[in-house]
Structures are given as structure tokens and as C-alpha cells.
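Chain IDs A, B, C and D follow the sequence of writing; residue 1 opens each chain.
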Amino acid sequence: MISPVLRTVKDTGASSTPKRLAIAVATAAALAALAAAALSGEPSTALRAFFVAPFSNASSILNMVELSAPLALCALGVIVTFRAGHYSLGGEGQAYAGSIAAAAAGYYGYAALGPGATLAAVVAGVLAGAAVAALPAMGRRFAGAEVLLTSILVSQGFIFVIDWAIGGPLRDRSGNLIAMPALETEALLARLEPPSTLTVAPFVVLILCVAASFYFERTRSGAAHDLYGRNPRFAELQGYDVERLSWAPVVASGMLHGLAGALMVLGAKGTAIRGMSGGIGWSAIGAALVAGSRPSAVPLAALLFAWLDSGARQAAVLSDLPPDAGMAIKALVILVVSSRPSWTAVKAFMRRTPTRRAK
Amino acid sequence: MQLATLTSIRKYYPSTNALAVDGADFSLERGEVHALVGENGAGKSTLAKILCGFESPDSGTVAIRGSPVSFSSHRDAEKAGIGFVPQYSMLAPGLSAADNVALGHEPRFLGVFSDRRRVAYDFSLLADRYGFSVNPDAIVSTLSASGRREVEILRALARGGGVLVLDEPTSILGERETEALFALIRRLKSAGAGIVYISHRAKEILDLADRISVMRAGRVERTIRPDDTDECGLADLIVRSSSCAAGTDSGSTPGKPGLTLRSVTLSRRGSDSLDGADLVVRKGEVVAVVALGGNGLDALEDVAAGVVGPDSGDVLVLGKDIHSYPPRILRSGVMAYIPTDREGRGLCAKASVALNAIAGRLRGYSFADFALGRAPLADADALLASFDVKNGGRRRVDTLSGGNRQRVVAARELDGPADVVVAANPTQGLDRSSRAALLSRLAEMRDEGSAVLLLSSDPEDASELADRSFVLYRGRLKALSGPGSDDSAIAAALTGVEP
Amino acid sequence: SKSAAGPDPLSVAVFVPGVASGSPIYEMLVAGAEKAVAEIPGATVKVIEAGYDQSTWLDSLRDTVASGEFSIVVSSNPSLPELCAKLSPDYPSVRFIVADAYLPGNPAIHTILFNQMEQGFIVGYLAGLVTKDRNPDAAPVAGIVAAQHYPTLDRLIRPGFEAGLKAVDPEFKLEFREVGNWYDSAKASELASSLYGSGVEVILPIAGSGGQGVVASARENGASVVWFDGAGYALDPEAVIGCATIAQDRLVYERLKAALSGDTSLYGRADIVSARDGYVGFDPDGKGYAALPRSVRDALDAAIAGLKAGTPDFSMDTF
Amino acid sequence: MIHLSALLLDAIAFLAVLAPAAIGGLATEYAGSLNIALEGLMLAGAFSYMAFGAAFGTVAGFIAAMLVPSAIAYVSDLFSRKANADSFVVGLGVNMLVPAAASMLSKYVFGSKGVAAVAGLQSGRPFAGAASIPVVGALFGQRSSDYLAFGVAIMVALVLARTPLGTRAKAAGMNRDALTMAGIDSGGVRGAVYALSGLACGISGAALASSVGAWVPNMSAGRGWIALVAVYLGGKRLGGTFAASALFALLLSLATRAQAITEAPAELLLSLPYFLTAVVVVLGSSRSKRK
């Protein structure tokens, strides 16, 4: 490893991200087993549904990977803002805006652009996410308004507007789903491995995560970004461009959320459906924190969430476990994963007498 | 009878893998001031915290008045009569001074509600008794650094007792507050109290202490009487290698103005205001401004470093308005700045030591260098070595001892050439030898042509280094005649006494 | 369980896009399917609850068919056929029967739509009668509190309800209010109160669990509610004065039994069932209904009889 | 037409739900911790009110509605402190756990998973007679549960503003060492304000449930989030938080009632209060920045 010193050691004494993810998986397993035993009349089926079924065939594994992609993007967006010290809670509306814009561009653009509409849809999604993030970002930049506050307000406002647009002027009148017209298959991302829903999206996500990781750990702007997030005053006095840092991460996060929304449309969903963002903004915050705010851990954290979702669903499908049980297990796993028992402290407690001097 | 006895105390911090205290023995008698000295990171604060119930030792015993105790919190220690003035502020900044002192012992009415009037009244009584003049309703964050320290001292005294532990109480106190504190300590002492006094200032210690214990690497190496040594001898004891460095004289002659303040006024900051300040710092000279807390020193620092714009007047750097410089340009080679507020402005507490050290020169690396090269790492090591910060850069900076944190700031800021240096209380928390190193580095920069503005509440800094000195009293600057004005002249000016 | 021959042709999944317990429509769906399976030797049934989060239905449905354990999936919801259509190319051996939905022409899917215009007409007519009976001289007005706009509501239920009102008095006005979601009962209650406060006597809530708020408001204001689909009288014996019903259990039972017996002609078809065949009707067994004046109840009976006989004629072949 | 007194009646009822939760959110904010779980705690209050109310009567319902969420909040905070877990994520977990648990419990308590109406748990309006007085009548026309909610909100506000706990909570939020110096366990203080926060959210939920006399899954419908926004909009001060809650209550009731006078789509009307507030926040911040 090269210049690891620059890696800012944030949580001294806490367990590392891989350890935390390992704990997460182990806990999920234990809780799922417990829930299955307590809530199901056929615990073995329930357990199999939770642990085996999601991995039973290539197609369901790949479905899981595909489902994790938008969540990972949103989590990445969350990290970009959180590491700049902004607490943006507007991811939900940004992703939703990305979806509707992508669906509109993909559907109406198809006549003019043909398969090129896919690209147009991606661009539209990204821009729409950025647009929803623009007011909080500009409010921060020019008025110093708290992003936490403005982002959630603006996002909620847009959710209503988009609900209206999907149910009203943009709705597909020929169907019963409250959704926009389905995009042509050629306008969607190609399925790489049918019948699974896998598209290129997870690979894009992987690349973005690596890039973000590189940005934070290895670039000057990334270091400045981090220092600003932890002590804006200090960053200002070091002569960093704090003006840009006060808004750009918020917009970048909006773009990532918008891209996530677009990928949902261009992947499994095929169009914009009313309410399709369904809590992804909040899950993403959970995933980002489980990943310890490290982009490199985001794909794994998102996969963990996708597995919990998928396992809970499979359990509901294959056994008599109610959907709420899956939800409850997911919540408990998130709780446990969020904990950071300090191993060094535990070890020191067991050892008590130090063996060597520090200096 | 011994008031407090600490025997074979050990304390290990696993997070930094530091054995802070390594078998230290320490005792305190009735009616004595027992000074604790040692270089930065020697374990003084940790030992004090253990005595005060803040940290529990891994092994060893603490005995109060002969009977062994095991404090689980500071409250236990308080009940045993131990008051503590910590090295870093442990006040709630948004609460009033009186609320801070009453915290945990709030008087009530009807059994549930806080009795606001009593809180303020009790505080005033306390302040009067010990001769402090802090407004009970003042919000702590609006107080000057020395005002905050006074509140902290009052808090330690409020629950009165036989033992008072003071961890570098004077590092940011001015002359007058220091005198008042010493008078107080003598009074307490004659009433039979025992006082543990941690400080890096040899003169104070010799004045005040009955016994002096020298700590090194977590152990109390020896305990002596003040009569057995002098200032230089004490310094030698603390740091084996160091010699007693004297002040440095300027070799060069002043050049063009580096930093200019023209009738700068900054008001609406309570007692911390500036009133028509005029000041020119030329390249190649050190100008010192000394003030007691709350006389505008913080305001002067903010204005000179460009943190806030003045209400009226101009601040010029190399003849151009300070705000006409883009921040990036200003901070790369034009102005170096050591702030008083070390944790808030000087460091990013949650980042690594290394990143803190090279934070100012990120732009200096090429993309590839920073991403892949070894230069940043090597630079960080070199910088830290220049101020003798040991123990690597990977740990978080807020696990360093106070003095070592200050060294990180100094290492970063005083590294390259700079046209202007604004150094505010740069020696706070530094031990004798690193203080000398810092002052000589400032002198060196002056000789290389920097304009150095030294803002300090410690007249000693000024008299050692400054070519010209000013005193700031109630927001007005007043020049002192010539370098090395004698201490009594400064003291008189500081308190507004006209000669 | 997954042989190369595909899933057992007699294994049935009942896909509940919600939770069965507490939802009459889905309880009837499950009951009908279980009854059919019980009568066919060798047939098996499994109930799958997908929860109310609409955005996850597609994933749950995909898991269901991809498990390879079911050859027939039975469900009920207007938006489900489109999800089925999306999945069926990938899982060609699975067949779908969806009630309360309409999608013709997909060879893997059979849908059956209730003529909800008739259903709307019945409660609309009752609402009209009650309003006129209580306030004969006031300008006639009635209300709908809906969760949100959706096709069946806008194209069938609302026009049917309005037609029922106008059949009583052509002067009737319909006030329409929207909650914005299916569960905010307090806001539904607020909307209902504002309607009752402005002279509305009877409201039809189409607001899912939010409808509870409308009932609560009616109880407070001494006004009335007409209910759709489920067992409404249980919600409040006095405030709920009428329930238009659908015979979902019978329908599901009949269609599934036919499918299990080998009738493949169902798939690809979209049927519409109505009052004439008894799939749409009215439940008279409620205290609130019994307390209405004789004249009102007689007039409603007459109207329902007329509807069954084809007047007014709401029959449709397509939707 | 929108009648002013009817609008005020609605807005005050909305405020009765919003204000306690917002003040509950402020309580933990005093201690420097964002309680993201207001929504979940509110639901827990609504469910407890209905479950215990159905079994033991209204009074027991209200008591349970305060105690159960209070316990949930306390335990979640205890977990966050002892397991060194990020309180934000723990809050998210609580928000997910409560609806799931309520749904599972509801099967046992009410015999069904959906809506559960229980006769007699809808609160009455004790002073309805005085409600016809123009404008101020809206103050008298409320349900007894709403008065109770206001009472609890005021009590919590008093605890924060006038008792040592409030001061200590503030100290915990500013500098934990200050409490350590006073020999107070800062964790205990945080636990206490979390419990207080749960209690306040619980009474909000109870007021909500008793306004319709039923348990409806998800019935809080985002009110907890609005309460959280009100805390920040009110500058994390008591008066400000209350004023912001009142503003929201008024705007949202207005947006609901506006359907009566305009043909504009309901969703667009509902979005207006949010956009409007966002703009107000930005303008307000720029004003205070200039100062």
C-alpha cells in the first residue's frame, strides 16, 4: 500500500469495516434463525428460504446484485454529503426525480434517438437529481441554510409533484398501474443474463465506488473535502475552496441519487411507477453508515441490504413467515450492524497489564 | 499527615498504544504546593486525572488522608475534597458562568425546578470570596479565554476542599490574573489546603512551589525543593538535553511593511473589541502585542488573520487589502497563522496527525504525487520530526497531549517561508525546550525576512523575542519603549496604569 | 421440487398484494382459492403475502414465479396483470388468474373485472336517497374521499356513483377530495369533516385504511358513510348505512376450479362480471341500513332489481 | 369557501399532534443528538393507546401510550451508547422495527393485521358547546386527547426550560466533559431526555389514534418527520419549535382544505407548504447570516 498515512484514521479503536460487515452477516443469520423459529410453523423452511433460496440459483443471486445497485449509488451519494459535513435527508425525492426524468426522456426520446434514448435517460436522471438538490445546495452556498432542513423539505415537495405528474399528465392511460408508459425494450439497459435482471448497472456502481474511494483516499480535493466535513473552520483557514465545498457535494449527491433513480427505471422496473423510490433514501443512509462512510465498503453494504430484502421476501414466498417478520429482522440487523464495539478496548480490558511501552 | 498518596500508578491507553503513566509515585502534604513538571506527553495530565477520579488507573493505589480510595467519577473525588482545574476547557460553552458552576448541584425550588436566582447569587458570593469578577449570567463562549479559566477555577473551589489540582492554569492567563491566582493559592495553602500545580513556567514554579516533582516517560523521576535549583537547573531537569537558551536578538534590519493595520475598529464583541488600532509590522521584525484576556487580543487576532473583516479601517498584507487575496494564495507562502483556538481553528481533531501536518500544502503536490507518490508521507514525517512529534502520523490528532498538538500546528505553519506570520499564543502548552525551539524558529523566520506579529497573553514571550512591543488595553494599542522593556513597565501598561 | 418438466400443474400460489388478515377483499381471495383447491384432488395451495408496499410487488412476484414451485398464480388487484405480463416471457410455464383487473390478450393471463360502475351506482343511489330524505330542501350534494386518483376509480367508481346520485336527483353535485395516500386516516377525517361541515350528508370513502377516518368523522358529525367492497358495517354500526359488495370468493373459486380442471381457454381472456350474474350486489344486513326509513330501503331494492334486469345498463365489453 | 374557524379547529388539532413530538425532538437535540425516530415512536404511541385502551380503558391507553414509546426510546439510546452505535442508524432501525412489530402484535391484540377500530376510544370534545364562538371557539372545540397532548407538551417544555435536567441536557450537548466535571453521567442525562422524547412522541401518537378511534397501520403518515423539521426550523429553541409547529399545522391544514376552493390537483396543493417553508428557511438564513 502506498502512503497509507494519508488515510484519515477516523474511528480509532472501533472495529474495522470488514469486521463490522462480518458481524452484520453473522447477526443477520442469528436473528433470522431466531425469528424463523419463533414466528414460523415450519422453521426449517423459513430458514432455508432466508439463507439458501436467495443463493439457490444464479438468477436469484444476480437479481440481488442488480437490486443492490441503485441502493449502493444512493449510499455513495449519502457518503459524499456526510463526509462534507452536510446532513442531506433529501435522497428520496432526488432518486424519485431521477426516475421520472429518465422515464420521460427514455419514452419520449425513443422516437427521435432510438436506442440512444438510454443515454438520454441516464443524463436526464442525473440532471433531475441535481435539480432537486439545487435549492438546498444554493441555500447553503448563498444563505448558509441548513441542508438537513432544506433538503428534506424540498424533497418532500417534489415527491408530491412527481406523484401528481405520474398519476396525472404523464400517466399511461392504457394501463392500470399508476405509472408512465413502459419504455421500449431497446431503450432499457440490456439484460446480460436472462432470466435474471442483471444489467450493466452493478458494474457502473462498482466503478463509481472505486473512483469515490480513490477520490477520498488519494486525491487532494478528496482530502480537502474530508477536512472540510470535519472542521469547516480549519479548512477555510487552510485556504481550501470552502465556497465550492459548501454546495458541490450536495449537488453531486443529488446526481448520484438521480442516477440511481434512472437505473431503477432502465433496469428491472422499465418505467416510472408512483412511489417507486419507496424508502430508498432512508435505506441508503443506513447502508452508508454500515459501510462506515467508506465508498469501498458500499457495494458490500448494499448487497447485505439486498440480501436482507430478498431473504425476507423469499421467506414470505416459500414459508409462512409474514412480511413484517422480514422487515423486523432487517431492522434488527441494521441496529446491530450500527454498533461498533471497540475490540481494542475489550482486549485491553482482558489483558489489563500492558506488555510494552508505546514510545 | 499526607493528604493524598499515589503509589505505583499505571495507565495504558490502548487506542494510542501509549503507556501514559508507568509506575508513578506522588504525594501531597497539608499546606503545600506540590508542582508537577515534565516535558510534553510525560504523563502529568493523566496522573492528575487519576487523582481527580477522571481516569481509573490500571494498577496502583490512590489514598486520601491515609485511606485507600477508588473513585468511579470526579464526583467521588469531589466528595473527598478534591477540586480540579483541567488543562482543556471542560465547560459547557453555551451555558452561563453560574450555570456551569452549579451544574450537578443545582439549587431547586418546589423540589423540581432550578432556582435561577439562587444559582446566580451563589455564584456571585463565590466570585466575591475569591476575588474574581465574572458576570454570573455571561454565556461562557462569550467570555475571554482567561474569563473561562476563572470560571473553571471557581468551579473547582465551589465545593471547597482540602485538595486543589491545577493543570497548566496560567498557560493562557495574563499577568494580572496570574497574580490573583497566586495570591489565592497562597491563601488556600495557609488555610491548610494542598495544591497540585502543573506548569511549564519555571519562574512561577520556583516562586510558588514547596516541592517539585519531575516526570519523565510516565514516572516521577525525582522530587526536589525549589531552593535546590534555579530556573536553568529546573529546565535541565525537565529535559535532559536542553540548555537554558537565552533570548534571540535580531540581526537584520526591518524592511518593507508586511502587515499593516490602519485605524481598525471592531466593536460589538463585548470587552473583546478594537478601537482604532494602528500597527505596522515590517519584514524582518517581530512585533509583539501583549494583553490580558478580554482587552481585544482575540479581536486583533481575528482581524490580522483575516478571519473577520473590521468594522472600519484597513488591514493590508504586503500593501494589498487582505481580503483581496484568494484564500488559497494567502495561505500558501503569504501568511502563516498559529491560532489561539488550537482545537477549533488550528487542527482538524478527527483527522490523522499526518494529514493535519500537511494540510496546508495539499496544493503543492501534483495529482500523481499525492495519489501514488511517497512525498506526502515523507513530508509529514519530516515536518513532525522538525518539532519532535514522535509516535507516527496515523493516530488521530486529538489523542495527542496538549503540547504535542501545539507542536503539530507549529510544524505545519512555520515550515515554509512566509511573508507574514501571525502567531497567537504560540507557546501555549509547550514545555521549556519546545518553547525555545518555537521561539528560535520564529526568530529564524524573521531573519529570513518574515514580518512576525506575536500576540500573547504571556509578557515573557514578548520580552524574549520582540523587536518592538505593544500593549493592548481596552481595545487600544500602546507602544512600549524599545525592545526588552522590563516586566514592571509591561505590567503597569497591561493594567492601564499610566507611568 | 423443480423437475425438468416444470412445476406441478396443480400447485397454486395465492399472491396477496397486501396482508390478508383484516382485508375482506383478500380474505375472500384466499377463501375462494382454498375452496377450489380443496375440491380438486392433488392440488396444493400456498398463500403469499407481499405487503402493502406497491414498489416491491414486482420483486415478490418474481420470487414467487422464479421459485419454480407454482404453475398457477392467483391474485387480485388492478395493477397486477401488468406485472405478470412483465414476468411471463421469462417464466413461460406459469399461468396467472387475476381478479379485480383487466388485461386482455396475454396468453398466460386471465383477468376478471367487476363491473364497479354498477357497484358505484348502488351506493350512489343510496347516498342520493338518504341525502334527499334528510334534507329535502337543501341543494343536493354528496362526497367521495379517495386516497388518490387511479383508473378504476376515475373511470368506473366515480362515474357510477355520480350516476346513482343523478338518478335520484339530476341536480346532485359530487364533491371529490383526495388524501394523497392509503393510510392517513387523520387527514381523511379532516377532509370528511370539512365536507360534512359544508352540508354533505353521505360520503363514499375509497381510501383504504384511511377510510377509517371518514367513518370516525361521520360518527362525530352524526352523518353517514356508504362503503365499498368489504364488510363495512362492522366499522361502525350506525354511521355506515350501506355496503356495495362483490362476490370475489365465488368468482375466484369458479375460475380457479375451472383452470385446475384443465380449462385452458381462460388464459388470454379478460372478462367483466356484473350485477346481472350476481357478482356485484348489496349487503342489507347492517344496523345502519336497517335504521333507514322504509321508503329509502324500498327504493334501493327497486333500483338494485332494475340494475339486475339491465336498467340502467352499465354493461361493457372492454374497459 | 374556507371557514376560518373550521380551519383553525383543524390546525389546532394538527398542532396537538405535532407540538409534543416536536418538543420531544427538541429534547434530544438539547443533548446534541438528532432523534430520527420521532415517526416510529409516534406510531408506537398510537398502537399502545389502542392496544391498552381496548383492554383496560382509555386512561390505561394514554398511560401506556406515554410509557411504551418512552421505554423504546430509552432502550434504543442505551443500546446506542453502550454498543457505541450511531444514534442516527439506531433511529432508522426503530422506525423500521415499530411498524413491523405493531403489525405482528396487532394480529394477537386485535385479531387482524389491518385497521382495528375499537368502540369508545375516540375522544370526545368536552367543550364543544363553546366552539361556536367565532375564532376563539376553535380553542374550545378540541378533543380531550388534544388538550392532554398540549398538557404533556407543556410539561416536557417545562422540564427542558426550568429544571436541572434541561440544563444538564444542554451541557451534554455542548461538552460532555462539563458533566463529567460535575460528576454526572452524561449517558444517563441523554437516556433521560430520550425517554422524555419518547413520552412526548407517544402522546402525539395517542392524540392521533384517539382522533379516529382506531389503529391504522402507518397512521402517523410522516408527521414525525414534519416534527423533526419543525425542531430545526424553530432554531432548536422551545419557542421557535412551537411556532414552527404551529406554522406547519396551519399550512398543512390550509393545503388540505384548499381542495374545497380550487380544482388544482391535490398533490400540488400538498407540495406547496414544503416548498414555501424551504424558501422561508433560505431567506431566513440569509438574513441571519448578514447580521
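In the analysis below, a residue touches a chain if its C-beta (ideal position, glycine included) is under 8 Å from a C-beta of that chain, and two chains touch if they have at least 3 such contacts.
All figures in this text were calculated on a predicted structure; none of them were measured in a lab.
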Quick one: point me to the chain whose Cα centre is farthest from that of chain A.
B
Centre-of-Cα separation between chain D and chain A, whole angstrom
28
Centre-of-Cα separation between chain C and chain B, whole angstrom
76
Can you work out the whole-Å distance between the CA centroids of chain A and chain B?
45
Whole-Å gap separating chain C and chain D, where each centre is the average of the chain's CA atoms:
35
Expected list for chain D, residues touching two or more other chains, is 103, 113, 267, 270
Residues in chain A with touches to at least two other chains are numbered 160, 163, 167-168, 322, 324, 327
Residues of chain B that touch two or more other chains: which are they?
none
When you check every pair of chains, which ones turn out to touch?
A-B, A-C, A-D, B-D, C-D
Write out the stretch or stretches of chain D touching chain A in their complex.
34, 76, 79-80, 83-86, 88-90, 92-97, 99-101, 103-104, 113, 222, 225, 228-229, 232-233, 265, 267-268, 270-272, 274-275, 277-278, 281-286, 288-289
Interface residues, chain A side, partner chain B - complex
2-10, 12-13, 214, 218-220, 223-224, 226-227, 230-231, 233-242, 344-345, 347-348, 352-354, 356-359
Which residues of chain D touch chain B in the complex?
158, 162-164, 166-168, 170-171, 174-175, 177-185
Along chain B, where are the residues that touch chain D in the complex?
54, 73-76, 78, 84, 86, 88-95, 99-100, 103-106, 108, 112-114, 155
Per the touch rule above, chain D residues touching chain C in the complex are 1, 3, 6, 10, 13-14, 17, 103, 106-107, 112-117, 122, 125, 208, 211-214, 216-219, 221, 253, 256-257, 259-260, 266-267, 270
